[in-house]
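Shared between the two complexes below is chain A, which pairs with chain B and chain C, respectively.
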Partner chain A sequence: MDNLKLELKTKIIETLNLEDLSVEEIADNDPLFGDGLGLDSIDALELIVLMDKDYGIKLTDPKEGKSIFQSIQTMATYIEQNRTK
Partner chain B sequence: MNNNFYIKSSVSIKKHKIVLDETEVFSSATDGFTAFSKEAYKNFEINYPKFFKMDNLSKLAFLGADLLLKKQGLNATDNDIALILANKSSSLDTDATYQETIADKENYFPSPAVFVYTLPNICIGEISIKHKLYAENSFFIFEDFNPKFLKEYSEFLIQSKKTTQVLWGWVEYFKKDYQATMYLISKEGKQVHSLENITKIYTQ
Partner chain C sequence: MKNCFINGLSAISTQDTFESDFVNSLKTVNPNENILRATEPNYKAFIPPAAIRRMAKGIKMGVATSAKALEEAGLTQVEAIITGTGMGCSQDSEKFLKNILDNHEQFLTPTSFIQSTHNTVAAQIALRLACKGYNFTYVNGAVSFESALLDACMQITAADIASVLVGGIDEYAAHTFSLYELVGFIKDKKNVPFSVLNPTTKGTVFSEGATFFALENTKNASTYAEVVDIQLRNKLTSAELPTFIASFLEKNNLETSAIDVLIVGNNGDVEFDGFYKEAMHGFKDSIHLYYKHLSGEYNTASAFGLWVAANILRQQEIPEILRINAIEKKGYRNIVLYNQYRGLDHSLVLLKSVN
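Moving on, here comes the complex of A and B:
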């Protein structure tokens, strides 16, 4: 799980071009949107693509996304339970 | 009539060099525009993380506009500045990048973050958001640099009282070749807004 969380932080920084952030600065429970990392709606779409491309998870229900993308911790938990690759 | 309009301030970005009001303010020997723009961003302490999410055309236009507008020392209410930009290649460079994400049916992952930049006028939006500009704006695409049309159009906007100043720019980016020539036109200034002076800034 710790490796997956580290991997997610690295991928999020790289995919979303968060140049001013480092892996160490993202806590597992930091909110990804709003006051946390401050991601926007386009970032949310990129996270959906990332889930599909890297973990074989297709998210179709927007309501699901709200709870999955709360933090690195919630993302990692969901990926562990649902990944197909 | 031409003498009623002036170039208040100008900026040129090309060949890894930035010239602001005829003075070189930054240069770099780094490889590629992305690295160059990042160095310039840090050098001028722009402090706007969304910059790194932009495509190269938007980064180029944003850098030029930011340097020009900051030099004016504008306050939050100075937003009556129209934005008139133009180029030759539209957003083709980013269009090609996006196309790569959808070319392979077996590996089909269209990128939303790339897709949003597949229109050239997005760079006008990026500048307007940062500097809170609400006046007229347009992005034109021409076969080649077309100062005559852009000069007349910009002057018309001021003459018809649509705005008091125009941020005018030729912002071209395609396959690693780039050039931004931007300036502010107003009723005040020292350099006459003539085709000769525009061409001088473009070729400097």
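Moving on, here comes the complex of A and C:
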């Protein structure tokens, strides 16, 4: 799980070009949207594609996204339970 | 009819033009490089960090230079934003197309796609300023910037618009430039060192940059120059060039002797150098200047030429590094810029001092 969280932080920094952030600066429970990392709706689309491409998870219900993308912790938990690759 | 004045300008180029003053910013470039890259400033002073992370270099260069030109003119808003770009946002276009190929048309992400269109820079500037006015981008090869400038001046002189941001932007993109090298548009590295003024080989030294101008219908104490006229022609033979220039001058009631400075777009391509020789031949008594040995060639490099001309007219000073001939003048009132690329996209711009 710890490796997955580290992997997710690295991928998010790289995919979303969060140049000013390092892996160490993102806490597992930091909110990804709003006050935390400040991600927006375009980033949400990037994360949905990332889940599909790297972990084989297709998110079909938009309502699911809100809880899955709350933090690195919630993302990692969901991926562990649902990944197909 | 109103006149069109340059009241603010800014350039990001291979030179330190964004932060240094005009005369001190111009330095000789490495003659052994066939591709030059723009010197980037710290963008954070001009673009919010959240916006920077999605922007490719061309967008950052365009947004920063437009902000600085606007600031210099003392404007916080304009009535129109007009840009010119030959290749548009090539970096994001390449990124998006590469993703399509690498991922077999699956998993396409939105960021590079939505920022890959040619009008992205004009749109980003409008978003930043919350400008709902006229917004247009010209993609016309090597007259992309001049087309934008012509439209900008027409907006001011004929459409009663008071202020326009106009600029030219083109960025380096690895795959596009590798194709240019393959077809010989970029000089072969085997032929170093490269000379822009006395070339012996085909192709040019390619580059990138963004140059923006804040144009207004009124002049003030810090106005750079007046843009008097712009003439474009897609195709010409070098034999037709003198007539093209003569009719342009005649239209503006000027003799060649009234032109103090001719700024030519020589780019070191021996194949098309004849056009510039012909142009200079027609202005025997004028000071001849060039600038692409400093900026490199790109579709909107001529905007850098206009940046040079506007600075000369305001400062009444010509840096030695720009000179082709040794003719001296007491002052500089009228400047003509002539540019073409590979025998196409000929442009003439007439700039006048306001002093």
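Methods note: the second predicted complex is superposed on the first by the 85 of 85 C-alpha atoms of A that agree within 3 Å, B and C clash if a C-alpha of one lies under 4 Å from a C-alpha of the other, contacts with A are read in each partner's own complex, and residues count from 1 in each chain.
Keep this in mind: contacts are C-beta pairs under 8 Å (C-beta built on N, C-alpha and C of every residue); 3 or more make two chains touch, one makes a residue touch a chain.
Quick caveat: nothing in here was measured; it's all calculated off a predicted structure.
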| item | value |
| --- | --- |
| Partners on chain A (chain B, chain C) - clash or fit | clash |
| First, second, both or neither for A:Ile42, with chain B first and chain C second | both |
| Partner chain(s) touched by A:Asn17 [first = chain B, second = chain C, both, neither] | both |
| Which superposed partner A:Leu4 touches (first chain B, second chain C, both, neither) | neither |
| Common ground on chain A, meaning residues reached by chain C in one complex and by chain B in the other | 15-20, 42, 45-46, 49, 52-53 |
| Residues of chain C that touch chain A when the two form their complex | 49-50, 52-54, 103, 106-111, 114 |
| Residues of chain A that touch chain C when the two form their complex | 15-20, 38, 42, 45-46, 49, 52-53 |
| Chain A partner contacts - residues on chain B that touch it in the complex | 38, 49, 52-53, 109-113, 116 |
| Touch list for chain A against partner chain B, complex | 15-20, 42-43, 45-46, 49, 52-53 |
